[in-house]
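Chains here go by letter, A, B, C and D, matching the order in which they are written, and residues are numbered from 1 within each.
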């Protein structure tokens, strides 16, 4: 077809495809390519930014892994009914894409996951003796997807539930050491998130970790990225409370107001809330959320971040933050905020942004960690900058260079 | 005295000296020079900024105008008792300075003010037939102050109550036209705030307008500043709710989230609250508070800013803002914040900052509007930039240049 | 039909039928009689109350007046789409009732209404020379409705938009005086809300005023009610912020905490919000909302109630209240709350409750003002009691007596 | 002296006398008897209640136990400086009483307390082999106090830090069994709070437990109270968040609104906050705070109560509660509140109220548990009623009877 000749077709491979974020990404790409919704929420479509040659919504084909047997439409209908997002009419209109894309989703791996996650898995999940075997299977799935849809590029994005913390050992200090340990059966050298990251990079595919899970955070993985010439980015999408922290803390610093304490309580329902209710998984998240203040303020105020599962909130989240600070002449004052957002709706456009950015970077031959996209992440890789506005300036300058290239 | 030989002595002339902000400025300078309080709240003492050769707290002598007969100590004790700021002990320790400085305060002018302001005036206030006569008297006071204390420089800062709106006419389009009208008795060509501004600039003194009043906002005044080689800055100190608006709105813009409505309700007591309770004076303030959103977002959301006088709050203010915004796929979400601050405590250190900056600029030979200090103001003169972080970057770069000069 | 023989059938005649509240009442009765929704929100179905022989949802036939040509289904679909209440599926299932009931709705009157209301009126609205003529037409509509559906009883409930304030004159001091003035053309003696009230009572039908409009608030109308042996109740449904005031203020009183100020800001969209945006109509509402505190506390704290129209909120409302109070030893403390509710959803079940209560009272032969239902109203008729819990006790005792009767 | 002949003099013996609550009680009684402060905050001085013959502030002499060596004045000055309550002038004026009363305070016991509490104890605290020995010492102190000041009556009120949970065993099922175990050295049969309660009741003194500690909660202690003809009341003063729960939950129940979740986060500093930061002590408190909802609503919503120590808040507390509820037609809505109170200021007047009530009851010959004062407590003894307004009605009726007696 003539039209197709003018278009690259690209693949977006979602780890945890049928979750709230994955399903909203699918709804969003389908609805945008049909002109059923605006690009509101998409940073790469914002009026204030330069725009390099990004892939259009209609250029994307979605696939992915999930540990549950489901489909995008069912997941979208569930979100609509429980959380009031989308409309029944929009889901129906997007149904052809949702159904076609659901067929691209393969069963994933739960290697090294804990009970909070495996409890969600469907029966019949393939097992693997060791990471090497799991990587082989993931790579076979990725190659089949790319071939079947004749995709010029594929980007792999992790939007699965948060894993419990995984501590890197000596095997993660170099690629050689990691590769030597991949077939070890006892005490597997990689958790599920690492397996997907390795599989993607090793195939030369760009990789984005939108979760606080281990993913690609090690010298060994960085070596792999450079070797295979792939760009990668992470980690833990900055969508709500932490975004606000990194926006407000620079103001307190600029005004030389001394923050005594910053208390944040998050309540949320949905699948993400249920997994984070497990203390192990919560630990990964809280750590990621609590790191920004000292980096911005230059000292460590008393701080607390709690995350609690409140079933009735479904996919919605309310964060309450109380900031107690001292101004001139020892006077204590307070700021409080509440943030009432829908997690999937906040996260999905950023996932699409990052997919576009990583695909673009890959085409440009950029390799290794993408520090320029730090403004998207709670724990940005490749930089210690946590101040949102300094991150934003880095990003705008990057886009400007990219648009001119 | 040998010590004095090493030090410039500088004057800070406060219009509205005995108000909450003026008295807190006096308390702050006195307490800092005695080592009784830290520099928390002072931007020019912040850890993140370059520091040119600013005047030290102990270098300052305070004087000013007020329409009430009072003294700094009485005003400070009132703030302590009603609003719980400072301590009785600190006021006592600063008493010598407070009393000496109170003697430098002269009776001011209420020309063109409305009833909300004149109601506060003490009896025996000198009257003037026309602005020219009022200017002469103000200048005589300023010259006497500078001479008596042997001050190298004096900066005039307006911290008086907000005047009703004053509309510039053809007489404000050039200095010549303005000067020709200064002796007009009917329909005086300048309100009180303009008289002080003219008097200061005409004497070659740096001038800062910390209020939304008319002050130095006209081509004629700018001409005067350039002619007399004085730097000036304004207007309307950005201390609380508007500061937060200009910090948060850039985040919504960067994330391409569409703000549908931004509603802000401010409740406050104290003298400032009482004057702002008058619809005319409130109009000046609300206009100043409501301008930032369209400039930052690039479109005008529905917005509302209310200011209400709540007597029991004394010098404290609570702002509640409700921001209703749309994210991806048409989903509406909300952020709310409350800001509980003490107005005088927030404003006073910024007044000291601006005094230091204007004195420094004057020494450097800088003339005309100081657009670089836009981050201190709700309605910055000399720039249309409202985004706090872009303003901050301008300021940091200016300080960097200044520190190297 | 045998089944019908066992059932009374009753009519609920809604003034302002196609508004948000009216349409939600229709949706609610239709959905409850089909078992599609629970009775949550219905006070007369609450677990804690005695339950006399109330009419069941399936016993109701709905009719009414509206100044717009519309239908319940369209109105319900609009609420669903804009405000996210109901589900498309539920509306479809209730469609037969909604359509049949829509045919019972007649064009109403706008006599004495102001522009905020007449702007909504459809063209072709019947006009009347004087109240007498309008009453005749309303009564003809009511009689036709009762006859057509063979209804044992009909209750008339005003859920129309708030009128501007209407001041009673000497003609409202006795029924004779009122009747003598009904045909006066100049300066009509009754506003629209009074016409409906008069029409209903004069026909012997129970009447409920769920709005702050004039309705049945005069000695003349009370005389009419007693003469015609009809019970009536009002006024202004207590659904959100005022409910909370009358719940919280008794606590401050009981604990002898002195309330210095109680500031309440309400933002809402929807049709109600649009009408209340008009200063005249808002005045009626604010007056009704601000009366409860002095009655409960025994003194008048500084208070403020604002209502602002925020288009993007649609049928949702957010109230923010700030309560500043003094405790022991002169210490000032604060409570703040936000209430995020959907106006139609909060009001509709109370309308059904009041319809059931008024129909029951009518059957019991109760005549005149129903002070026992004060807990439903912001400005209860027949009592000065504003404390919700004392009102509740009155109501529980009334239900207990009624259940035993 | 003639004046004395007209006055009873009564003793108020505070366990934990030098803590924030105890010191504020002392300040309050001293300031009220000097006419330096109003009775705001005192329920027994409220305008709405009947007032039996209560003891006047000037009739009280204060004594108590504490595990720290300190004095009321030092404690009050600390509260003033850190938390901004009282004024330096008021403390000075009350100094004679504060110093005289401090001399009545004896060193207490830490038997069975945990490290969070013993860490605060001064050195040289007397030790006891078993509860019997500790009781003997406490009783000797009480008798000496009563004799020295010639007090007609003494009431003992526990305002000490919260103990870890203590589980009653078979020895607490009858007085005989308890008495038999009092001299047991291993595994002491009573914690500190029980020792004070036993000592007081056994001497025939009225007893109030204002804390969630074990105190007098057992059949054995009730037997003792009846035997010795003493009234007692408890437990855990209802001062802030829980008060609001028991005020708001009845509204949700009355309106048949279904509460899905009620999340409460409390942040506080001060001594109370520090002890509650210990998980054991917090457990006692959280249990007490979380019991009211099911009792009022008739079902158990998802609920969470957290208490976190935030040092910078000193004696101030902020509670944030998020209530997610369902209304008509399945619609979910939300209420949120924040409560910013000073713990000592809220608690102290209630302690004085309860002392007056218990002294009055003792004079009237009332023995056993005082269920009528349930409205003062989070976990009221003698009743399961948690609804504040039902409790209040019980209390008002009791006062009415008492005033007539």
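Simple rule for what comes next: a contact is a pair of C-beta atoms (placed from the backbone, for glycine too) under 8 Å apart; a residue touches a chain by one contact, two chains touch by 3 or more.
It should be emphasised that the depicted structure is a prediction, and the values quoted were computed from it without experimental measurement.
**Student:** Per the definition at the top, count C-beta pairs in contact and tell me whether B-D or B-C has more.
**Tutor:** B-C
**Student:** Looking at where subunit A touches subunit B, is over half of the residue numbers used by both copies, so same, or under half, so different?
**Tutor:** Interface between subunit A and subunit B is built from largely the same residues.
**Student:** So, what's the distance in Å between the C-alpha centres of subunit B and subunit A?
**Tutor:** 45
**Student:** From the mean C-alpha coordinate of subunit B to that of subunit D, what's the distance rounded to whole Å?
**Tutor:** Measuring from centre to centre gives 49 Å for this pair.
**Student:** Please tell me the distance, in whole Å, between the geometric centres of subunit B and subunit C computed from their C-alpha atoms.
**Tutor:** Here subunit B and subunit C have centroids separated by 50 Å.
**Student:** Which residues of subunit D are in contact with two or more other chains?
**Tutor:** 326, 334, 336, 338
**Student:** Using the touch definition up top, name the residues of subunit B that touch subunit A in the complex.
**Tutor:** 24, 27-28, 31, 37-43, 45-48, 85-86, 90, 243-244, 247-248, 250-251, 253-258, 298, 326-331, 333-342, 345-346, 348-349, 375, 388-389, 392-393
**Student:** Okay, in this complex, where on subunit D does subunit A touch?
**Tutor:** Spelled out, the residues of subunit D in touch with subunit A are 260-261, 263, 265, 267, 302, 304, 306, 308, 310-313, 318, 320, 322, 324, 326, 332, 334, 336, 338.
**Student:** Touching subunit C in the complex: which residues of subunit A?
**Tutor:** Residues of subunit A touching subunit C: 81, 84, 87-89, 338.
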